[in-house]
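Labels for the chains are A, B, C and D, by order of writing; each one numbers its residues from 1.
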Amino acid sequence: MIRILFFASLRERLGEAEVTLAPAPELKTVADVRAALAARTDGRWAELLSVEQLLLAAVNETMAPPETAVQDGDVVAFFPPVTGG
Amino acid sequence: MIRILFFASLRERLGEAEVTLAPAPELKTVADVRAALAARTDGRWAELLSVEQLLLAAVNETMAPPETAVQDGDVVAFFPPVTGG
Amino acid sequence: MTMADTISSDLNSPDGPFWHRIQTAPIDCGAAQQWLSADIVGAAGATVLFTGQVRSEQGQVSALSLEHYPGMSEKVLAGLIREVAQRWPLLRALAWHRVGDMGAGDAIVVVGVAAAHRQAAFEACSCLMDRVKTEVPLWKKVSGPDGSDWVDARDADLAAARRWHDSGEADER
Amino acid sequence: MTMADTISSDLNSPDGPFWHRIQTAPIDCGAAQQWLSADIVGAAGATVLFTGQVRSEQGQVSALSLEHYPGMSEKVLAGLIREVAQRWPLLRALAWHRVGDMGAGDAIVVVGVAAAHRQAAFEACSCLMDRVKTEVPLWKKVSGPDGSDWVDARDADLAAARRWHDSGEADER
């Protein structure tokens, strides 16, 4: 399975902190995972995960651009630009 | 009288922390005071106060370039470049 | 997986030269300064310590809540310290970041370095702080009389962090 | 009139926004940080604290003695703080300098500022420290196994201080 985490405003607006996706041939990259999530028709998934939204991603706790490869067992996280400090 | 103070290595090498000079028509500026001191023939005054030595001066606790006016009652200080901090 | 409410494990330690920490407990800035200055060989001539505190914004901010990505935030913080210490010759460096709930005036973050000379210390501390602001997965939510909302990322912070990329480090990676 | 061995009078005070001090007693850096952070209106988002300490220089320095020009050193220090606070919007600023005898690892000077934003805090603190190094009448003498000698002024320090003149302040005077 691919574990997917959401943080901060994205987590709050989705109403979910975590979902899982079954690995599939069409889920090769971070961009693919995001597109799969944006294809969900329940709730605000399409809006909040659309490519128009400025979101960052990490794969296994390392920042990951959209083309980063994803495989079974990975943890993918999506979140808004960071605002610490 | 004009009070003259010396600090740090200059004080140590002169063997004096303070001298006084009587006001005189030829003692118009900091440079004049320095020249008067350098004219002393006892000890190392000529060497240590010569214009070749890199020294700073203050008049009444304010940094003062050589052309600064000096008058009766002033406190003039000479010292090497500062090394605090 | 919402707000982290545990103090993260310390793989690093006060005994080594680098010390990062994500913590829910209040930050003790005095302790940070003391640790930086305690260089037993006496080779550190300069320390620079930065603290970021919750601003009240004329009463518009009464509380601040900080969420992080547990595990990743510690990892990124540790990596930033290592990178900064490769660019400037540092004897010690620390970065402690608070998460969870805090109020106006509370310290959110403390970042500090010790070096032989002050120029390196100022630059390294400033760089480390700019990168903490833009690279560690942390998110602020502020509460005030009009309710609460997430803070937007500032372009000025991204520009500040880019300064350091333009002048070396990132180019070499 | 040799080594100053009195704590100079405080015309300024911990109750105001600026605090300068020439002191023979050891410097308490934690107290400096605490004072900077204690901004009751919560308007200060950033503090930057610099400390300079006696370096042992691989055992070549066992003790350091600092002479100053009593009266003038306090006056210059106070003036520098005022000038820096005119250039950057500071909520608090302090500069405490130790004089007299100290040993390796002891703090010689602590300079710190509090501001709304970090860029101003870093720049103001760095500028204040560069100017303290080159404008306050203070002189270091170091002692080691080979005897003692006065420290020469460094060109690098003068160059560092000039940076701030070139980019504004001094031009406006």
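As a working rule, contacts are C-beta pairs under 8 Å (C-beta built on N, C-alpha and C of every residue); 3 or more make two chains touch, one makes a residue touch a chain.
Just so you know, these numbers come straight off a predicted model, no measurement behind them.
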| field | Shared chain contacts [chain A and chain D, defined touch] | value | C
| query | With chain centres defined as C-alpha means, what is the inter-centre distance between chain B and chain C in Å? | reply | 50
| field | Approximate Å spacing (C-alpha centroids) for the pair chain A, chain C | value | 26
| Where the centres are mean C-alpha positions, what is the separation of chain A from chain B, in Å? | 74
| query | Among the residues of chain C, which are close enough to touch at least two other chains? | reply | 52, 129
| note | Residues of chain A that touch at least two other chains are none
| query | Can you list every touching chain pair? | reply | A-C, B-D, C-D
| Across the complex, what residues on chain D touch chain C? | 29-30, 33-34, 37, 39-56, 58, 61, 104-105, 107, 116, 118-119, 121-122, 125-126, 129, 160
| task | Quick one: which bits of chain B touch chain D in the complex? Just the residue numbers, please. | result | 5, 7-9, 11-12, 17-18, 58, 61-63, 77, 79-85
| query | For chain D, which residues are in contact with chain B within the complex? | reply | 1-2, 52, 66-69, 71-72, 75-76, 97, 108-109, 129, 132-141, 150-154, 157
